[in-house]
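Both complexes below contain subunit A, partnered by subunit B and then by subunit C.
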Partner chain A sequence: MLDKLFYKEKGLFLQSLHPLAALTYLGTLLVLALAFTNPLYLLGILLVVALAIRAADGLEAWESYLKIALFMMVLVMIINPLVVHAGKTVIWQGPHIPVFGRLTVSLEAICYGAAMSVRLLDIISVFCLYNLIVHPDKALNLFSRFAGKSVLVISLATRMFPAMVREMENIRSVQQMRGVDFRKGSAKEKVGKYSSLVNILLLSSLEDSLEIAESMQARAFGSGPRTCYSRNLWRPRDTLFLSGSACALGAGIWGLLHGFGSYTFYPQLDYLISGPGTVALLLIVLFSLSIPVLIGWGCGRWHYLKSKI
Partner chain B sequence: MVKAISNDKPNPMLKILFPLFLIIILGLLLAGIKQENFVARQGWGLLSAEIMVIALAFFYWGFEQGRASSREIALIAVLAAVAAVGRVPFAALPNVQPTTFVVIVSGFVFGPRAGFMVGSTAALVSNFFLGQGPWTPWQMFAWGLAGASAGVIKMICPGIGTRGMSVFNVAWGYLFGWIMNLWFWTSFIQPLNWQSFLASYAASFWFDTFHAAGNAAFYLLFGVGFTKILKRFRRKLIIRTIEDQAGSLPD
Partner chain C sequence: MSIKEGEFVLVAGASGSGKSSLARVLSGLIPDFYGGRFGGKVYFQEKEMRAIDRRKLARQVGMVFQDPEKQLVMNGVEAEIAFGLENLGLPQKEMFRRVAEVISFLGLTELRQEFTANLSGGQKQKLVLAAVLAMQPRVLVLDEPTSQLDPVAAEDFFNLVKRLNEEMGFTIILIEQRLERCFHLADRVVIMEGGRVVQDGAPDQAARWAAGSGLSLIPPVARFFSVLGFASLPVTVKEGRRQLGQLLSGRPLSGGPDLRKAPASSSAGQTPLLEVKNLWFTYPNGREALQDINLKVSAGEFVAILGENGSGKSTLLKNMVGLLQPGRGRVLIKGSDMSKNRGWHPGRLVAYLSQNPNDYLFQDTVEDELLFTMKNFGMEDDGIVDGLLKELQIGRHRRVNPRDLSSGERQRVALASVLVTRPELLVLDEPTRGLDYRLKAGLGSFLAGRAAAGAGVVLVTHDVEFAAEYASRVVMMFAGRIVSEGTRHETLGQSVFYSTQIGKLCRGLCDGILTFDEAVERIGPLLSGITVARAGTLK
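Here is the complex of A and B:
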């Protein structure tokens, strides 16, 4: 059950990226999703991420992410119209409520709520994509050059997590063999049984930690300056995707500074497309962001391309 | 002669680091109030995420600069794994989990820096298995702060009893939710006024109450036992080296 969301190596094209290229790509998607307010741009990003998730064979994992997102989306859609009084086109006027004043629901606030739910979907889907294409160890390896100790703590804990779940089961079955029935007894007795379970887990894992420390010491941990070894390959595709991300980010920031990509909701809704510039910039950003998906699709069809890139 | 090697020697770098990070964060906040400049135009959703990442980087840098022994590193990793595993069996109950309690007790016994590392590592590692999301950095920050503040409270009033710590646990149930709400509020609600603030916080009230009640229950049930076990291991962490006859101490 625990391995459901953990990274799985499937030998996919998107999983073969250098972690720096992959993290830059995901970071660009995230920053643009948080920076753009134009619904068209937000929908465009969602489209790109959805295609990438499909290319990473992760539609099933995406489903469980969407379930989490749904609750928050409903909240966004309810809170925005109810508390915001800035919209001009009032659809419904409600009773007077002490703290919030008169309840008014305006068209603008509903549209804003809808756009923000798309942003929420964007962000959550980007993280789903991260889970699918970046192995935790690869990402940690990137940071181990300048934050060795923190990364060591994190990767040790990541290793121990599944081991500890198994350990918990072991302790439980040993206790059951010794005649402890976890289902019987009053609430107080049950708590006592579980508390002994937890205490044993804590004690035995802390004892283990001392052994880990001794074995680290035996392997000369902390005896001198650290060296670092990386097995990640930097291939032409990584350069290509890195420049794609840089292009999308540059175009996005340029657009935001010149009024493209942002959208005014209050007091009255603006035009979605305020000129040919809006569409042109959207296409540039979407194209640069979809380079990994396109190349991945091409590599699946054309082995010559795969061998060269 | 017996000399104890303690691991918490203040590093000169930290003295420059703390004001530096504080100035950067305050500068971003102040620049965000003015509507026109570049900082404010990117919106509070992005700005709050940037401030969060800077604060996390500061804490991690502090840990890197400090002198952590191999025992400390292994211990922090194990405690973080215990805290992270605690999230799993209770996944069905909303917000009731022993993670906050384990983080607070670790911070209380091993000090603010270890407390922060246990909290933030537990958040990151459990999310490798339960799903990384935009909530990850905020959880890392909130749990890290819970651990660090528990370490600080031990320094301020070391004689705080079981009752005081239960109150502290309850308080963190709400504080944790309030920190997490900031993300939701700044990213998806506009305009940012006190009505929308109140509405977002009211929406999470019951979840935070469950969290707080769970924390208090876990602390009252397991708190004393956990603290006793951890204190025993803290004593094992301290290494004493006995100087030889010539009086020279190998480093």
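Here is the complex of A and C:
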């Protein structure tokens, strides 16, 4: 069930990107999602990410992310109006509650909560997209030139993780058959039962680590300076996408400095569109961000384009 | 000892005889990785090994270890192959070339983009070999490379090693326990005992020596002919069949195939110990792992389940012991349905030994491991701890930390820790994996003893020889279904591929023979005029 959350090589256009281009693109999306406060901009980014996810054949995976995201969104939308009293347009007043004071729900707080939950959805979706289009080894490879050892540790850890989950399941079965009932007992007893599971896992992992070290030693690890194997290719498309990301980021920052893209919720809601500039900038940013989606779509249709880019 | 270039040396011996240490000495890991006290010197091409720079040595000697799971470092196949090359500090261009060469030589092209976690055991071990080969060593040291693989993957691996030796001229030093698969590949067989080399020579010479000294280290075919007193010992089924065919030509075959009938089930009227009725099981990912399984196990029966990886054997065991709940159908233990009786714990009645004994061990002493299970079931020690420790020959390790024991001993501790409840049904998942012939024989007779004492024993194994030797009934599974079931003669005797080496030797010449003892008993008398040594003297 969990495997749809992990990267799978499907030979898709978006998976063929150089990790630098892909990570810059994803980074831009993330930064902009965090920087913009205008709900229109946040929705725009969501649209782009959704299209990209669709292009990466990941709607099914996105669904699993959405389930978690929706729950958190609802939580944000409920809690924010209850605890924030900054809005002027009060639409409901409740009873007095000790710590929170008087319960008031304002229109502004509801809108702010909604906007923030869209931002949350943006961020979660960007991570979903990352898992869909970036091979973890390729991403690590990018950094291994200047942080070889840390990258190796991360790689070992990610490799071990699924193996440890499986191992944990086995140990649990074994303990169950030896008469340990994980459902019964007080909280303290349960902690004891689970800690012995972890204990076994750690003991076995420690033993295994020695064998891995041995295998690494036999393959000359640490015998001198390492080089770095990389098969990443830089294609024209990577240049294009990198400039697209740069353009979106540049335009976004310029816009934020000049008052576009940000939005004031409190004490009273601002106009969503404060002039033609807001729309123009939004279009520029969205267009720059959707270059990968557009090109990917084009490449699927015209072989000529694919061979040239 | 000295090893010439291009030689294929097989190192055999019981667990703890020093085979693995020898392999580590030859690859330079001892003493530099392990430390310890040492004397003597190892030379590689007339240069003392310790004086050779580690980088240079790694380009000369490559080593593959037992468990592929514990040798892989990277996430992707290609990155794994390149790992050693990066360590050697090779330039990009050279790495590209070598990775490409190795991938095409080993036929890994399809897996190039795959994650290592998604590979099968055999593919993983092939990848480990690829990663070592990419470093272009001239000597390959293989330390029981197939002990964690199923027979098909093991065969595959050995064929590859043979090609490397014959076509590419690699010098191969292979440490192995499954001798029937690799004995004939070697140019030279070295037998070790108690840390010493006790025999060193050509395979047939080694076979004669081992037969003479009473070790069952050699393949069953060679052992069979040596017991019958032949001077030249065949080491493959092909040679053996030729020899046996010549001997038997013109001689009458007594009685024809003697399909020994299973003893009429004494419990015909009683409820069987374990009954699996129309069992279906589907994993949450939608894979239908078990389809319409029907199986009965009576008290006193020893049932072996054979089948390739992924055929549903382990899933069936987990359903039997209640770790998994059937999708459809029922599992009855002594007539009561486990899934309906939620308050009842099967652990008292059913002992389950998983594949990895390390999953059991976490107490400070061996004794505590046994007492832990008893405490969970609220039982008192009435002398069963003493009895079990003695019976499994781990009594002298009573106060030792189980993690300090060898893998064979660990397995017996794990077994003891589930047997303390005096279970009536023993369920074991691949207990023979990684055991040497001596430990296997010990385990086999222990389990057979339990069955004789009235317990039901069900185990999954890849080891056909083991199943033929000890099991009273054999079940074969394929793709989630039982395809064949019956006494070992009914199932293994009819199979061409899932048969013992002796079975393959006698097929068509003298049917109905599966084990070494049967062969000696049946064929021995036919070969009159030839001195027949009794099988018993060599056990």
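Following the convention adopted for this analysis, the second predicted complex is superposed on the first by the 262 of 309 C-alpha atoms of A that agree within 3 Å, B and C clash if a C-alpha of one lies under 4 Å from a C-alpha of the other, contacts with A are read in each partner's own complex, and residues count from 1 in each chain.
Going forward, a residue touches a chain if its C-beta (ideal position, glycine included) is under 8 Å from a C-beta of that chain, and two chains touch if they have at least 3 such contacts.
Please read all numbers here as calculations on a predicted model, not as lab measurements.
Engineer: Let me test your reading of the model: by the given contact rule, A:Tyr112 touches which partner, first (subunit B), second (subunit C), both or neither?
Structural biologist: first
Engineer: Counting only touches as set out at the top, which of subunit B and subunit C does A:Phe127 meet: first, second, both, neither?
Structural biologist: first
Engineer: Based on the superposed arrangement, let me know which partner A:Asn199 touches: subunit B (first), subunit C (second), both, or neither?
Structural biologist: Both partners, subunit B and subunit C.
Engineer: So, A:Ser150: does it touch subunit B (first), subunit C (second), both, or neither?
Structural biologist: So A:Ser150 only meets subunit B here.
Engineer: Is A:Val76 in contact with subunit B, with subunit C, with both, or with neither (first, second, both, neither)?
Structural biologist: first
Engineer: What is the contact status of A:Leu294 with respect to subunit B (first) and subunit C (second): first, second, both, or neither?
Structural biologist: neither
Engineer: Look at A:Ile212 in the shared chain and tell me whether it touches subunit B only, subunit C only, both, or neither; answer first, second, both or neither.
Structural biologist: Touch partners of A:Ile212: subunit B and subunit C.
Engineer: Quick check on the superposed pair: does A:Leu283 touch subunit B, subunit C, both, or neither? Answer first, second, both or neither.
Structural biologist: neither
Engineer: Looking at A:Leu272, would you say it contacts subunit B, subunit C, both, or neither? Reply first, second, both or neither.
Structural biologist: Neither partner.
Engineer: If you tally the residues of subunit A touched by each partner, is the higher count for subunit B or for subunit C?
Structural biologist: If we count touched residues of subunit A for both partners, the winner is B.
Engineer: If you lay the two complexes on top of each other, which residues of subunit A touch subunit B in one and subunit C in the other?
Structural biologist: On subunit A, the residues that contact subunit B in one structure and subunit C in the other are 3, 136, 152, 156, 158, 162, 199, 203, 208, 212, 214, 216-217, 221-222.
Engineer: Considering the complex alone, what residue numbers of subunit B touch subunit A?
Structural biologist: Interface residues on the subunit B side: 38, 41-43, 45-46, 49, 60-61, 63-64, 68-71, 73-78, 80-82, 84-85, 88, 98, 117, 121-122, 124-126, 128-134, 136, 184, 187-191, 195-196, 198-200, 203, 221-222, 225-226, 229-230, 233, 236.
Engineer: Show me the residue ranges of subunit A that touch subunit B in the complex, using the header's touch definition.
Structural biologist: For subunit A paired with subunit B, touching residues are 2-3, 5-7, 31, 34-35, 37, 64-65, 68, 72, 75-76, 79-80, 82-84, 86, 99-101, 112, 116-117, 119-120, 123-124, 127-128, 130-131, 136, 146-150, 152-154, 156-158, 160-162, 164-165, 168, 191, 195, 198-199, 201-203, 205-206, 208-210, 212-214, 216-217, 221-222, 256-257, 265-266.
Engineer: Which bits of subunit C are touching subunit A when the two form their complex?
Structural biologist: It is residues 27, 29, 33, 53-55, 58-59, 62-63, 65, 67, 69-76, 78-79, 82-92, 95-96, 99, 113-114, 116-117, 128, 131-132, 135, 284-285, 318, 321, 323, 345-348, 350-352, 354-356, 358-362, 372-373, 376-377, 403, 417-418, 421 of subunit C that touch subunit A.
Engineer: Within the complex, which stretch of subunit A touches subunit C?
Structural biologist: Within the complex, subunit A touches subunit C at residues 1, 3, 9, 135-137, 140-141, 152, 155-156, 158-159, 162-163, 167, 170-171, 173-174, 176-181, 196, 199-200, 203-204, 207-208, 211-212, 214-231.
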